[in-house]
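Listed next: structures, encoded as structure tokens.
What follows is chain A paired twice: with chain B in the first complex and chain C in the second.
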Partner chain A sequence: MRRLSLKRLWAMARKEWLHIRRDSRSLAMAFAVPGLMVVLFGYVITFDVRDIHMAVLDQSHTTQSRDLVDAFRSSGYFRVTRQLDDDAEIAPLLTRGSVRLVLVIPPDFSKHLAAAEPAPVQALVDGGDANTASIAINYAQAIVTSYSATAVLKGVPLPVPIAVDSRVWYNEDLKSSSMIVPGLMATIMMILSALLTSLTIAREWERGTMEQLAATPVHRLEVILGKLLPYLGIGAIDIVLVAVVGGIVFAVPFRGNPVLLMVTAMLFLVGAQGLGMFISAATKSQFLATQLAMITTFLPATLLSGLMFDLSSMPKVLQVISLAVPARYFITATRGIFLKGVGLDVLWGQALGMALFALAGLALAVHAFKKEIA
Partner chain B sequence: MTVLGLDVGRLVQLVRKEARQTFRDPRALRVIFLAPIIQLVVFGYAVTTDVKDAAMIVYDRDHTTESRELVQALTAGGYFRVAAVASRADQMADALDHGSAILALEIPRGFQADLAAGGPASVQLLIDGTTSNTATVAQAYASQIILRFGQEHVVHIGRSAAMPAAAGTGTALPGVDLRVRAWYNPNLESRVYNVPGVVGNLMMLMALLLTTLAVVRERELGTLEQLMVSPLKPAELIVGKTLPVVGIALVDLALITTVATLWFAIPLRGTFAMLGLASLAYVICGLGIGLLISTVSDTTQEAFMTMFMFFLPAMIFSGFFFPVENMPVFFQYVTLLDPVRYYVAAVRAIFLKGAGLAVLWPQVVTLFGMGGAILWLAATRFHKTTA
Partner chain C sequence: MFLNDTCAVEVTDLTKAFGSFTAVDHVSFVVEPGEIFGFLGPNGAGKTTTIRMLTGLLLPTSGDGCVAGLDILEDTEELKQRIGYMSQLFSLYGDLTVEENIAFFAGLYGVTGERLERRRAWVRAMTGIDEKSGGQLTSELPLGWKQRLALGCAVLHEPRILFLDEPTSGVDPVARRNFWELIYTLADGGTTVLVSTHYMEEAEYCHRLALMNRGKLIALDTPKAIKALMTEPLLEIRTAHGPAVAQALQGQPGVTEAAMFGRAVHVAVENAQAAAVALPAFLAARGLDVQAVTPVRPSLEDVFVALVRREGGAVAG
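Up next is the complex of A and B:
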């Protein structure tokens, strides 16, 4: 076996770079997609619920009932868009989706309050979107509780037996973009790396240049590493791009060590690109390779990685499957580095996982490539 | 025989050719019929915004019946589980750093004594905000459960001198009692809302993929020119190419609907005819966009990339993952251009609310209008690029 030669490796990398430069659509994709995705996801994905449209059916028509409605209005969470006179109006409103919540205050509302009895009011909620609905219900409960405590029981304060001092760490304002942007770094890199590299070996097969490559005195590890290098460069630029856009546009804090981020990111990129090359060498067809790369990365990296949806709320089977999704570990690492500012003492498990993924990706790619050449 | 200026005989021949070409490829068959089912199942289970069994670390410094009851109250609803018990304060920070718990509860010494004295007894909650959606919901649930525990406890031990009415009515408290009823989805399961949304995305993907590939493949193989010199009119060519896609998409719709209702027990409260009508309008949009993409792509490779660039924003703007009304105002206007948005809204209303044309006519009309416009644009471009 020949020794690895840096010169040959460099020549391979240069050749690959020329290919990339000529394919303008792929090149555009390599840089436009990360920027586009960060801006889109950062702005559009928001779990914050504000300005919930609501309607009021006030059958009580008293100062107290108007005060309660005012409490909803001034909370900043609800916007009263309709005043109803008849309960027949409720159903069409909810069906059309023009309001999410209808507050019904019955006629004897003030009477109950005056007698210091429980005074029932009803909230009819459009439960379709369960997430928004539960948040709206929570807001409504809080408003009603505080209204009860202050305005109604004048002189008879409702006891507040337990004072909950609750503090949010790492992402104090609970901003969705702080959660999404570090996670996106992993998802974008996974999809893009696998997609771009899935073309490289299949292209040589389709164009018939594979025999030429096989005939040149170049070691197969040199071929794989040489082909990886340009993509690694693109990936590194993308990582920096996402971090900078996240920091400037969305003010995502960066509390950890940039070196640790770059090292884990590089390991992750090698793994993802190795996987892409493996697919490329195994399928020998550009079209099939892109499709396969898409299937194996897109859904897992977006849905089973914890990017948007909490893994611990999923069924056990999916949780077990998600253990095989590399993006999952990298997302834990990026969030830890960006938001928690933790180092290798906490993230060593993830770093080790990335290293294994990189080794596995490379080994798979080299192995698949060897069979073809022989 | 001719209909609308198109020769039916030639059309049938072309449709037969397309169908044969599509079904000959077992890989294509898998994409058409198996992929939607797999994706539906994965989405149905994975897209969940419910908070269940969130890991909590408890640092109980009071060690009383009351403090244990508080922990029990938190775990009883199924929202939280005790993942660890801390014996030192720094173990809480450690657990949050490692992510082994997303919630830390500290019950200080004297909790029970303060509670017995009528309060306020204080407890501390630390929440990991890195996953902001879970954190928001977890914080709200936990605060509410603790608050209610305190109030019920006070009433229960008979400290009700200030509230005579409450003494006799068990746990009912004076003041306003909010009774919540959720319509359409009484248990507030996110799946009920998300699965119909998946239908919208899968249908778009199918229509795009099949149309684009049907055209670009012929261009790559060089057989598109043969078709052009055949006596087929351009309109016949387009209709013949797209008709099988409409058929396949509608079969997929039936398939997905069956799985959604039988496997996921999603209620279909509206009619299948209404679903079919909205889907037809939507598939026409998809076909048009697919044809447009095929006019700017020379290879399947390019077509695939362009499709990805269109599909991703279309999915994000559709309101499928996140409600349109929560987006920044500018992006809310952008969503008006996204056909997926109208269809997802329609499908959800048909499934959950049983809405008919009386409610959904704006969506259906918009989709037909969009579909017609896109198809017309695609057809004119198609002539130019192939002629």
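Up next is the complex of A and C:
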């Protein structure tokens, strides 16, 4: 192999940076999109359920039944919007979606309590949104359990079979933004890096400058690395930007080593940008390349990366496919570094996966980039 | 083999096939150092493909070649350091300034330090782009300047051999003339120049010409010698019905060739005196007025048209 020349590499990198600097669209995409996306997605993607609208059909009309409703009301998770008198009103309410949960307290509720017997209440839940429904059921159960415990303390001997005392680590408030923002860092950078670099080689073909470039002694690896360097710089700035926005807007903690974050981010970015350049070199068309870059990164990086959906609860086939989704490794790394403050001793597998991805991206790009003009 | 260092360009049976289409078909020639060597031919004749094989941009299907003492099959990348190339497309970066384009190509060719300063000054003098215009975006320059700047960037590293693929397409005659003066200046400095064109008047500027058609080399000589290839006398017919006259005369006894030449018709005949009398009468009988019939010396274009016809016509389209 011919020796690589730093001078040629630097000339390529400088030229590529000038292209970016003069193209306001690229600049805006490179710097404005990540911050905006984090704010937007950080607010939109939330699994925290608050103020679930509910209705109450209290057929007992006793102090105890009113105490139970108050327990729902004061929990912060529910808002009692309707008091019903007749069970015929229940179905239309749930059908129209004006409430998600209806609590039915039977007439003999207090009688059972007084007799120290189990006193069942009924929760009717709109299962149209399965996720919210199951969360609502969990909350309702928790409230009822805690009410039972209080009832016991008040001298009503009601058996409480199990008492759970749980403590959550790393994301103490179970805030979904703390989980989403570090994940978004990976997803956004995957899509953006591939998208931006997918333009670079195709642009040379479309503008006719490739012929002149191919006629110079520049090495293929120098072209790819040279084009990559300015985008790596942009990517590094974006990573910092996302971390700062996440910290300021969503109060996402940062407990790990910033150097480790940057090193793993660089591996990840090289891979994503190499993939973009591979697509660009293979298609030779900016339009086609951006479409392909979008298709190959967007769905995998959002659905199969663990950003929103837990990978371990997916079918085996998808789990195996997700092993080839680079964002998956970076998401594990960012969450580990942001929330748990873990180091390379825990994340070495992810780092290795991303190093392989970086090598593969570069190799594909160099292989697809030909200095032959037919 | 022929790897003697004095050869500028030497090719033997150079062939390039794209599938079933043979773009360049067993072409052989030698170019001497310091020569201005022209490729002339219609679109699709194989000029560009030939130049791309000589500049390491395309590998030949078969045949051998040596450029600047290097094998065009083996040493394509070293070759690129020794030669300069300017493509028919405007090839500089429009969103970079003049100075940035120069700096970029200087970087790729490894021209640095004092040498870069010297070459930069040379490009400025050669293109007429002063320091003030150096900060201008290249896309905003007039076409003639762009072309001279592209040439400047292609020879920043002072290559021994320069390849120009239809360098003047699209520029006006004055700019074209200026461009050719630059080519002469380079050739005087010892640079070997290989240039393709489809402008006949440009072909006349070359020391030697390779006429190409349908991938084949159909003639190779000095412009003067090529013009002498046409032995039949040539008549120029001035008429208002050029195309109709050319068509009517095609294939008539005593006529070997009839083709439009500007607004007139050039007719190659067996006997000039007899034809000068017979043709106007023949045409008048078909209702085609003739203003004048005069014997003329064949131009390069006449010879080219005749040779292409003899070889079975140009590629359609």
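Methods note: the second predicted complex is superposed on the first by the 355 of 374 C-alpha atoms of A that agree within 3 Å, B and C clash if a C-alpha of one lies under 4 Å from a C-alpha of the other, contacts with A are read in each partner's own complex, and residues count from 1 in each chain.
Everything that follows uses one rule, which is that a residue touches a chain if its C-beta (ideal position, glycine included) is under 8 Å from a C-beta of that chain, and two chains touch if they have at least 3 such contacts.
Bear in mind that the values here come from a model prediction, so they are computed numbers and not experimental data.
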Touched partner set for A:L40, first chain B, second chain C, both or neither: first
For A:V181 in the superposed arrangement: first (chain B), second (chain C), both or neither? neither
Examine A:R14 and indicate which partner it touches, taking first as chain B and second as chain C; both and neither are also allowed. second
Contact-wise, after the overlay, does A:L275 reach chain B, chain C, both or neither (first, second, both, neither)? neither
Looking at the overlay, does A:P217 come into contact with chain B only (first), chain C only (second), both, or neither? second
Looking at A:L84, would you say it contacts chain B, chain C, both, or neither? Reply first, second, both or neither. neither
If you count the residues of chain A that each partner touches, which comes out higher, chain B or chain C? B
Give every residue of chain C touching chain A within the complex, in rising order. 18, 52, 55-59, 77-78, 80-81, 85-87, 89-96, 100, 103-110, 112, 150, 153-154
Residue positions on chain A within touch of chain B in the complex are 25-26, 29, 33, 36-37, 40-41, 43-51, 53, 68, 94-97, 113, 115-135, 137-138, 140-142, 144-145, 147-149, 152-153, 156-172, 174-176, 178-179, 199, 286-288, 290-291, 294, 299, 303-304, 306, 308-310, 312-315, 317-318, 332, 335-336, 339-340, 342, 346
Within their complex, chain B touches chain A through residues 27, 39, 42-43, 45-55, 96-99, 115, 118-137, 139-144, 146-147, 149-151, 153-154, 159, 162-165, 169, 172-186, 188-190, 192-193, 300-302, 304-306, 308-309, 312-313, 316-317, 321-323, 325-328, 331, 345, 348-349, 352-353, 355, 359
Contact residues on chain A for chain C in the complex? 2, 5, 7-8, 10-12, 14-15, 18-19, 22-23, 207-209, 211-219, 371-374
